[in-house]
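One structure follows; several queries about it will come next.
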Amino acid sequence: MQAQERLVFDRPKVLADIPTHYCPGCQHGVAHRLAAELIDEMKLAEKTICVTSIGCSVFLYNYLLVDSVEAPHGRAPATATGVKRSRPDKFVLTYQGDGDLASIGMAEIIHCANRGERVSVIFVNNTVYGMTGGQMAPTTLIGQKTTTCPAGRSREHEGMPIRMAELIAQLGGTAYSARAALNTVKNIRSAKKAMKKAFEVQTKGLGFGFVELLATCPTNWRLDPVKANERVAGEMIPYFPLGVFRDQTAPAKGPAEVEK
Amino acid sequence: MQAQERLVFDRPKVLADIPTHYCPGCQHGVAHRLAAELIDEMKLAEKTICVTSIGCSVFLYNYLLVDSVEAPHGRAPATATGVKRSRPDKFVLTYQGDGDLASIGMAEIIHCANRGERVSVIFVNNTVYGMTGGQMAPTTLIGQKTTTCPAGRSREHEGMPIRMAELIAQLGGTAYSARAALNTVKNIRSAKKAMKKAFEVQTKGLGFGFVELLATCPTNWRLDPVKANERVAGEMIPYFPLGVFRDQTAPAKGPAEVEK
Amino acid sequence: MTRKSPEKIFIKGNEAIARGAIAAGCKCFFGYPITPQNDIPEYMSQALVEAGGEFVQAESEVASANMLLGAGACGIRAMTSSSSPGISLMQEAISYMAGSEIPAVIVNMNRGGPGLGDIGPSQGDYFQSTRGGGHGDYRTLVLAPASCQEAYDLIIKAFDLAFKYRNPVLILGDAILGNMKEAVSPWKPAPVDPAEAADWRLEGAKGRGPRLHKSLYLHEGELAGQNKRLQEKYLAMQAETDFELYRTEDADLVVCAYGSIARIAKSAVRKLRKEGLKVGLFRPVNLYPFPSGPLAELAGQGKRFLTIEHNLGQMVEDVRLSVRGLADSEQFSVYPGNLPLPDDFEEPIKKALAGK
Amino acid sequence: MTRKSPEKIFIKGNEAIARGAIAAGCKCFFGYPITPQNDIPEYMSQALVEAGGEFVQAESEVASANMLLGAGACGIRAMTSSSSPGISLMQEAISYMAGSEIPAVIVNMNRGGPGLGDIGPSQGDYFQSTRGGGHGDYRTLVLAPASCQEAYDLIIKAFDLAFKYRNPVLILGDAILGNMKEAVSPWKPAPVDPAEAADWRLEGAKGRGPRLHKSLYLHEGELAGQNKRLQEKYLAMQAETDFELYRTEDADLVVCAYGSIARIAKSAVRKLRKEGLKVGLFRPVNLYPFPSGPLAELAGQGKRFLTIEHNLGQMVEDVRLSVRGLADSEQFSVYPGNLPLPDDFEEPIKKALAGK
Amino acid sequence: MSRIVVLEDRCKGCLLCVAACPAGIIRQSGRFNQNGYKVVEVPDEDKDKCTGCASCAITCPDVAIRVYRSKKKEAADD
Amino acid sequence: MSRIVVLEDRCKGCLLCVAACPAGIIRQSGRFNQNGYKVVEVPDEDKDKCTGCASCAITCPDVAIRVYRSKKKEAADD
Amino acid sequence: MSRYTDVIIAGFGGQGVLLIGNLLAYAGMSQGLNVTYIPVYGVEMRGGTANCTVVLSEDEIGSPIIHRPEGLIVMNRPSLDKFQPRLKDHGVQIVNSSLIDQELAEKDRVRSVLVPANEIADRIGNTRMANMVALGAYVKATGFLPLEAVITSLEKVISPHYKKLIPKNAEAIRAGAECVK
Amino acid sequence: MSRYTDVIIAGFGGQGVLLIGNLLAYAGMSQGLNVTYIPVYGVEMRGGTANCTVVLSEDEIGSPIIHRPEGLIVMNRPSLDKFQPRLKDHGVQIVNSSLIDQELAEKDRVRSVLVPANEIADRIGNTRMANMVALGAYVKATGFLPLEAVITSLEKVISPHYKKLIPKNAEAIRAGAECVK
């Protein structure tokens, strides 16, 4: 029987074979694995330079076996610009959380996209500051309670959650911008396809590639991982529609054309 | 005969009766005057706190006879937030250039708009850094030569000019966002209407108000003022369409619905 | 000021700061999350709002500091808090506030650096705090509490000083102070005078000419004039120096340390005193202005000095400058990243006492 | 290094820096406009691109500095330039670069502060430059040219030092240096060794394990270890101190000054020498590490000191610390906002010489 | 009859008003003001062509034009 | 026959795989691993129900599941 | 000599070690002592161990951080491994023998009190009160504070919402104390 | 004593004062002298006056900024008002009498050379060369540099594009020199 079976799912080569520091059910792990799978499949490992950001995923560099540099909080897109402009022959990846990218790093991500830097950005939106203990993020949903909006985020006082994939899609240098989720097998598969496109627009020199991944933070949501996953479907996706918002490699699609 | 005439156009009361430091033909002067007219007409002078920014218009505080504070380059929206949150009963105005608002201050303007701060922002887009001597701005047009893109801005290397009024219109807290121009009498009249709306969404407590004004910088464009004005019509407006991109006080209009 | 109500509460240094700020009449808090001070914004997001104030989570520390500048220009008691990397991002705005004479309170719960460093205690930001990490010659008052009660007391003092001098005031703590709980007497100072700042705050030019807060001075001699005025102000601030002496009278060696490290050093001093060694402690409460006079006085009495810091050696420069011409100071560093322990201090103290 | 080609060109200090950088093998420039250094990015946007390098006008100084960090991590010679407010915004990134040992060259054409200040010359950023305006204990090498030729020479040296020590290097000039034209010999240093940084630069983990540049150190003792390593590096840098002596041999009073002010002080010293007064000049070329040893030597010879600065008194602390135990230093300030003039220096020099 | 008053010490000679006047009656004069700018004027022969439309004033960045409108004209306007 | 291998020292007991398995055959075991997490398992009785679809593994944030697919099944799949 | 003691309390994240640290601190305060309490956490706050240090003293307290404590409450094995070697000679440690092999506890250098805290708490009806059991044992074993001071301080650390659990917690504390001979 | 002089050149923005400052500097360099040149501009760069300072010296140059110069070229009235009082006793100033009332030029304390620079330039055919006329006068009046050094340096400051204008500029310089008796 052993001879008749084939290993169809295993750890990607470029993903270090060590346990992660993430909380149980935290989907940074899924995002890491997808990135690693693509790096393997696209044979990018030997030319990748990864720019990590400050958030729970700062230790990405311990997991992804590629050259890496740690950027200050929010500045990964600027650091990636420095990397890519000095080594245009390399594959440059950034990985950022929602506090990092959409709050403190707003100017850097917008200008990086607008310049059309040939870099690929993985943006993990878990509607909260994970690392620092669950404060409000720019993507925190209306009504969501966090440690710094204990009464729940309100439109009146804190404003609406920012939809980054749509904002980035508007900028001249963006070749690809999409939003996917990591809550179901189907969505994870779509997420990987979107990430692949975001990688390809770089390898093909088309421009800036951006993927927003809706993910859970069970710890700071104070939900068990399965319930947290349900919240993604029930609350996040309705506000953050999945879809491709810009694709220079294909005619534009609206939300909902990538399966929900 | 004297008895039969009426003074129909004169300096607004809140505009100081002193010469400005601007170059001949510079339309910061027009923008200042329109702001002053509205402050007079809306009787806001005694409750206005103006936040000036760093650019040729930093001396606005010498011209507009209202309480003012000078914010660091790009940070006027944050400073205005501090002003408005501490004195919600006051009328808070910021005035920013394109380098200030769309480059270094990108994060602050986006978040200020997104929070829906009840402040009004006048954004003077002259496609160049005026004060520092004509360097490239985020709004510099493709092909436009500046001292830091001597070969002309290219999409490939510097990215596309950013359309701020449209970007701001996307954000949840924005109650009004429009673009007008100062190149013709008609456009100046529309500009004033747009500014009035941007002021009103604040006085009515609806949210964030934003007006982008297309203006000339004859000095750094190296054109005489009349030619510079022609450039606004011929080159700027085609890329930066005039119009209202968000209006919480009225049903949404597309570009071109405000007269070109 | 009614001080020291008897009812004590058992709270973290971070919470003491937040409560003290509200007691001091703080009306606006602008901040951005960063360990190890998150309790402060978290507490404020509830309690300050309940107290009728405004809490804004800014998009960044750059924005926090510039919001502070706006509120300060309106004569409103406002604050921000952060930790080392966040404080670095505020340097431009702090320089602006100092240059335009806008009051503000800024809390730095110093963590290990440089760069991202760690989230443990450190005193690596001493230079940044006392020399002005931003551009230009400005100074901020710097207060360094060593206990939760002092954290409470000094944040109240910080607001008063900020408005007295129209200048930013820094509270410099560390991860120990922020996370440690102690009993605190939450006394209430007299309410803020409604006329505070009435002669300069922005509130609309009603019945008077317009007011302006700026730091740009282009006319010939104008900026020089402003710098001269500022220097005079910094000189006047010297009146605010505050410090603690512990068993220095008959000491041969005076250990100089501030903040949490001073507490730990005090444990060591106490222990060595029990062994009969003549050592004492000098703890500056104000780091700027630095209490140079009192130190020089000790130096004049022929004492020797050892500066103990949780950094590579920063305050030692102020100690040396204070006692110059009379004495010098040895220096002992705990590297940021290591936790300072009283036992570690005994050896260097003994060595310094023996005249190395 | 082939030095001093005979063909001289007549250029501004700003242009000397830009040309020197290209000669030194600078491949990337990231910058944001600010007076008085705009000639540098403007020159680079043309000449660096023609030389096959990359010029990026960043969205801000925060971004410039972080782009620099990215390029430096790849072992590429890269630089930025700015002036005071812009440099304040870079402090976090500079701390990160120092903490993660990434080389970079940063030019600060110091203008008047605090805040927006003015666009004239100033030395108000001495503390920020030499003490680290950012958080943590890091240090940057600081070189302060006093002429256009030296600007050219020192930017070349700056790149070499940055890579030798894997540390940011600051060039501290001012509006005088940046705008003044002098004859410069644009010598060409030896081309950059293609193997420079080969053992640490990021370029894809091909045929080797992955490399990482970071400043986060969370394991017990890890950050302390890094701080210890950094401290050793700073000690090693002491070998780089450079300074100029002018007529100090028989001087009773040594004037200490750097950069443009040192030139102006030199005019004053020269004039007073003609009057028969025994004065000399000590000009540190490196501000960090500060040439303490040579100063102490002069102090040992019984000389007295006067520090003249275009700020409220900053370098004087380094002078006093250098000569402590042997001598002290008087201090004379030109307020930023005023232009320093040789005539102004004569009085204070005479006074200091007379032992006040 | 409507008319404009050019505040000569404020005029910077940018000529935007010249381009803006529908009646085409404003022109550059030969006069320099104290700041060295050549100011504009409406020549006497064209004075009566002014409609008081204020286009010039609206366009002027330096608020260097004052416009007076004849009452008659106004009534007709409204 | 397809099967999964749970790498017990990596499992954090989050139960996402349990929710994801279309066959509904994964369950929490009673076993703690060295990190104190209760690991999951496919009980023996359900082993043959595994289709090798890898849904569990795709969902697992900790790459704690390896999936083997029977050759037969594969052929059928493609 | 003036009264002084310090203790490190350590265990898994969920075991409530910070809570009993706080409780002990309040009890000390109620006795007019100076008290400091400081928790230690990593950035890898995700699970793992937690510990806190409490110092009780008649004098002003210097360092709130103690490297070599006089007392120890260890609720799990990793905590024992880490802190037992740092316990002062003749110090007292409460070892949660429900989760820790009692062979591992030092016997001669220090005084180890083995308390099957989880079992006792289970018996009382709530396994989550193992922390209270251990604290009761510590207070009894050291005799530094009266047990009642701890019990009356319960209301300080248990939110009004859970007030009804106070008697059960008190019972757990007493049960812990009773283990100590 | 070693050779040294310094000069401030001032006028309206468009009068080319920076250009002749540069030219003088190049001429000095061509004579083996050390030279510094520094322009002064305000933030209100918009119009207004411009000036620059040139120092020529055999010795190394200290300050490039001079408060009380030995020489002065003033092209308009505001510049005269500002700089004439700062001119050293016995210093030399070239006063553009085309735009400045000659009554205003001091006569005893300093040596004022009145040059109708605009008229002369007009005569030569290009009123914009008034700056060259004034420089020629300055060079002649001070005698610090040979006139030819200035003329041969023209190619350094006039871009190749405008090369054909060099002879006219040279003519203007000579014409200026000829005014000085």
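Going in written order, the chains are labelled A, B, C, D, E, F, G and H, and every chain counts its residues from 1.
We adopt the following convention: a residue touches a chain if its C-beta (ideal position, glycine included) is under 8 Å from a C-beta of that chain, and two chains touch if they have at least 3 such contacts.
Model, not experiment: these values are computed from the prediction.
Chemist: Among the other chains, which touch chain B and chain F together?
Modeler: Where chain B and chain F share a partner, that partner set is A.
Chemist: Enumerate, in label order, the chains that touch chain E and chain F alike.
Modeler: Correct list: empty, since no chain touches both.
Chemist: Please find the path from chain C to chain E through touching chains that uses the fewest steps, and give that number.
Modeler: 2
Chemist: Go through A-F and C-G and name the pair with more C-beta contacts between its chains.
Modeler: A-F
Chemist: Let me check something: if the centre of a chain is the mean of its CA atoms, which chain is farthest from chain C?
Modeler: Result for the farthest chain: E.
Chemist: Counting in whole Å, what is the centre-to-centre distance of chain C and chain D, each centre being its mean C-alpha position?
Modeler: The mean C-alpha positions of chain C and chain D differ by 29 Å.
Chemist: When the C-alpha atoms of chain D and chain G are each averaged to a single point, how far apart are the two points in Å?
Modeler: Taking the average C-alpha coordinate of chain D and of chain G, the gap between them is 55 Å.
Chemist: From the C-alpha centre of chain B to that of chain D, how far is it in Å?
Modeler: 39
Chemist: Between chain B and chain H, what is the gap in Å from one C-alpha centre to the other?
Modeler: 43
Chemist: Check each residue of chain H and list the ones that touch at least two other chains.
Modeler: Counting only residues that touch two or more other chains, chain H contributes 43-44, 47.
Chemist: Out of chain D, which residues touch more than one other chain, so two or more?
Modeler: 35, 59-60, 62, 85, 92, 96, 100, 115-116, 118-119, 214-216, 218
Chemist: For chain F, jot down the residues that touch at least 2 other chains.
Modeler: In chain F, residues 35 touch at least two other chains, as defined above.
Chemist: Spell out the part of chain E that touches chain B in their complex, as residue ranges.
Modeler: Residues 1-3, 9-10, 12-16, 18-20, 35, 37, 52, 54-55, 57-63, 65-72, 74 of chain E touch chain B in their complex.
Chemist: Give the list of chain B residues in touch with chain E in this complex.
Modeler: Going through chain B, the ones touching chain E are 1, 4-11, 15, 19-20, 22-30, 33, 184-185, 188-189, 218, 224-226, 229.
Chemist: Once bound in the complex, which stretches of chain B touch chain A?
Modeler: That would be residues 103-107, 110-111, 114-116, 138, 155-163, 166-167, 170-173 of chain B.
Chemist: In their complex, what parts of chain D are in touch with chain A?
Modeler: 27-28, 30, 54, 56, 58-60, 62-64, 66-74, 76, 78, 92-93, 96, 100, 102, 202-207, 209-216
Chemist: Note which residues of chain C are touching chain D in the complex, please.
Modeler: For chain C paired with chain D, touching residues are 62, 84-85, 87-89, 91-92, 95-100, 110, 112-120, 122, 124-125, 127-128, 131-138, 214-218, 221-228, 230-231, 234, 311-312, 314, 317, 320-321, 324-325, 328, 335-338.
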